[in-house]
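Let me give you the structure first, and then I'll get to my questions.
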Amino acid sequence: MRRSIITAAVVLLVLAGLGSVAVATGGGSTVTSARLERSLTASFSQVYSQQARLLGHRGVTPASLHAKAMCDNGGSNVGPGSSWNCLMSFHDPSNPMPTTGYGKFELNVHSNDCYTAGSPSTLVGFQTITDKQGRTVNNPAYEFDACFDPGSSNEPTGVTFPSALTITTTALTPDPQGRATVAALCGTGADGCVGSIEVTTHGKKLGSVPFHLAENETAKLTLPQLPPGTKEADLAVTYQQGVGSSGTTLPVQG
Amino acid sequence: MTATSTLPTTAPVKAGTPGRPGLGATIRWELRKLRAQHRTKAVLLGALLGPVPIALVIHAQGRPPKDTLFGRYATTNGFALSLLILGFAAQWVLPLLIAVVAGDIFSSEDTHGTWKTVLTRSASRAQLFTAKTVTAVGFAVLTLLVLSASTIASSVLVGGHQALTGLGGQLIAPSTALKLVGASWLTTIPPTIGFACLAILLSVWSRSSAVGIAAPVVIGMVMQLVGAMGGVEALRPFLLTTPYEAWHGLLSAPRFTGPLVEGLLTTGAWAAVTLAVSFALLRRRDITGG
Amino acid sequence: MTTQLAVDAVGVTKAFGQVRAVDDVTIQVAPGEVYGVLGPNGAGKTTFLRMLFGLIRPDAGTIRVFDKSWDSDGVGVLDGVAGFIESPGFYPYLTGRQNLEGLALLDGGARPGLVEEVLEVVDLTDRADRKVGGYSYGMRQRLGVAASLLREPRLLVLDEPANGLDPAGIRDMRALVKRLAASGLTVLLSSHNMDEVEEICDNVTIMNRGGVAYHGSITDLRAMAPDPGHLLDTNDNAGARALAADHPGIEVERAEDGLTVVGQEAADGLTVVGQEAAVAAYVADVVRSGIVLRVFTPTRTPLEALFFMLTDQEVAA
């Protein structure tokens, strides 16, 4: 009995000691955005080349893709978690980048320096693909596991991508005074989203609304007063910072 | 007992000095005891045959167990299957298989009341300690080798030997993959020895086989948990379970061996400390029971 | 030059917590003698023997065996020493023979045929290939002796060798110890039974509560012993008692607890204490006077009486 109490006490002491080491060193995680950026571009280039081989696309090699990535976990950019997002661009003539210039990869990073990456299906397709012989096969680039060297360089890669502005509202609902709002989301990227939205209804310019959003920020922008009986509104977006679609047409309700 | 017995009438007077046993003889004695125990055979048999049904069952899954490393390809690739089992085995199977012998080899002398029997022969405590440690560690490594060979063989037979997608996304040719898979299993030798030493310490300390066998498994699982937690990654290098993941580097591109070296240092430190404490406890112990 | 002692333990002390299990005990055993350590259970005999074997470290005092000590010779102190403490421990999953062969490995190997020889000595040859797990207590005890003889010792240490044995087993064990002693072995024997020690030993140390209550030869001990006691019951106890006046060497008193005789309820009785010759003369007188003797039996031996005095009542030697 005495022996087990002593044992328990020693174990607790050791744990407390190690715990304070951990706290004192402030986490000390080897998971950083720089390492993820280097690892993800390398591993994606490999699986994407595999996919190209399966599809029979010629001329795609890991080196030819010139993949570049920028990773961000919406916080300190250090430590494991499932909130890591990486923006990556790569060069494949048969598969051009979207207007933003990059695709968004979602990463679940573990404390053991391994991660699972989920690719944007717009760029790499779905879980299964049809290979050049016509068989349905697993898509190696759709989701993949990789590990990085915790001793690898932690120098920032310097890769930045602009944030993408997305207008998330699908229909305008003006109040009795004819005022309507649109919700805008400024995605992961460098320097946030700055610019203005010009509103036109039935060929008539109503004015423009400026926006200034930080990275990963959403905002409600109040549009100029819509004349009664407006059926739809054209929004034209111009950017000083950030990227995104140049415009959209939204129906007006009520 | 009858009066006709042939007593060595001259022997006691003339002899009186039994020889000093060599370490080899002491180890031989430990091996004999080990061989006569059912649990020893059960562990080796389990390590030999266990992987076969496990490989078959995982291979037959409709959905691959994607949330574990190499699980994605476990149903379609034998090498991936064997690496998935490696990751799984390191969680608690290996500590358990090791502890069945290492966690019992000292405390079984308490169980049977035989400390006084062996300590009143001509072997010193240091000698017995060394022999038991060598035997326990040797058995742990043997078990690991049997388990590795059996797992790799049954996985490749069940899952096939196609090219393997590594942890850098790269395709690894089957012949290279086989070598890397073998090497990956071998990298678990150091932490396995570390766990054997931990089990020895717990066995010496608690004098109870139940503690000696169960505690290393529980401690291993706690270490896994702590190692997987965010925010306390500074502890990872000190954990005995971290070296069990060092093989990841062998399958990455480019290959890296930093964690292997670090793991070797970690397990070396664990082994040195646990064995030193164990020996100090045994050397100073008053054998009052049994 | 003095003769080398087989055991030379001086001022040995060991405490467990508050309890002094062995308190300043000195025991010296000459080569070739059969030495008894006698004491009730808990007197510290076993703790002392464990210290002799190095199983326990003494807090104070020195123990030398054939002029070797733990401090200077380590396990070498056990060269020439063998024995067992309390009941001998064996591996139940091994056979008797495997146990002996394994222990021989720890002795640096036994000469060929010795295992068979010692099995023969303790009469276990027939059972040697059965697992020890199925052995009776007495068989284990005998296997313990065999395991000790395997070391071909000069000093044999036996802790309560007859403990737990049935009367036949006790008789066999005593016979075995006597034969071993006759072969020239030095034997150190612990016991809580005066009879056993008296029958086998030359010298004795009586321990009580960790200390030494008596130390010397059995012969000297006998001289100190009170006269033997007897129980006497007749058809005229008062008359028999009156006759005691003619016999100054003896004491006759009413037995306090009465006397239970087969076929009768508790009867009155007399205790008769005196030397054998004087008691015999007295009893002859009683018979001659026409009194009918119903019971005449020795109660306890003189040494036993002394032993109880020395231990239970703490009478200093």
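Per-chain numbering from 1; labels A, B and C assigned in written order.
Methods note: a residue touches a chain if its C-beta (ideal position, glycine included) is under 8 Å from a C-beta of that chain, and two chains touch if they have at least 3 such contacts.
Bear in mind the structure is a predicted one, so any value in this text is a computation, not a measurement.
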{"item": "Touch-network distance, subunit A to subunit C, counted in steps", "value": "2"}
{"item": "Chain closest to the middle [Cα centroid of all protein chains]", "value": "B"}
{"item": "Comparison of A-B and B-C (more C-beta pairs in contact)", "value": "B-C"}
{"item": "Separation of subunit A from subunit C, taking each centre as the mean of its C-alpha atoms, in whole Å", "value": "88"}
{"item": "Euclidean distance of C-alpha centroids - subunit B vs subunit C, Å", "value": "48"}
{"item": "Whole-Å separation of chain centres (CA-atom averages), subunit A against subunit B", "value": "44"}
{"item": "Footprint of subunit B on subunit A - complex, ascending", "value": "3-4, 7, 18-19, 21-22, 25-31, 39, 42-47, 50, 79-81, 110-114, 116, 138, 140, 143-152"}
{"item": "Touch list for subunit C against partner subunit B, complex", "value": "16, 47, 50, 53-57, 74-76, 78-94, 98, 102-103, 105-109, 114, 117-118, 120-123, 142, 147, 149, 151-154, 156, 172-173, 175-176, 179-180, 183-185"}
{"item": "Interface residues, subunit B side, partner subunit A - complex", "value": "66-67, 69-70, 72, 76, 165, 167-171, 205-207, 227-236, 238, 242, 245, 248-249, 251-254, 256, 258-259"}
{"item": "Subunit B residues touching subunit C - in the complex, by the definition given at the top", "value": "1-3, 5-9, 11-13, 15-22, 25-26, 28-29, 32-33, 36-38, 112-125, 284, 286-288, 290"}
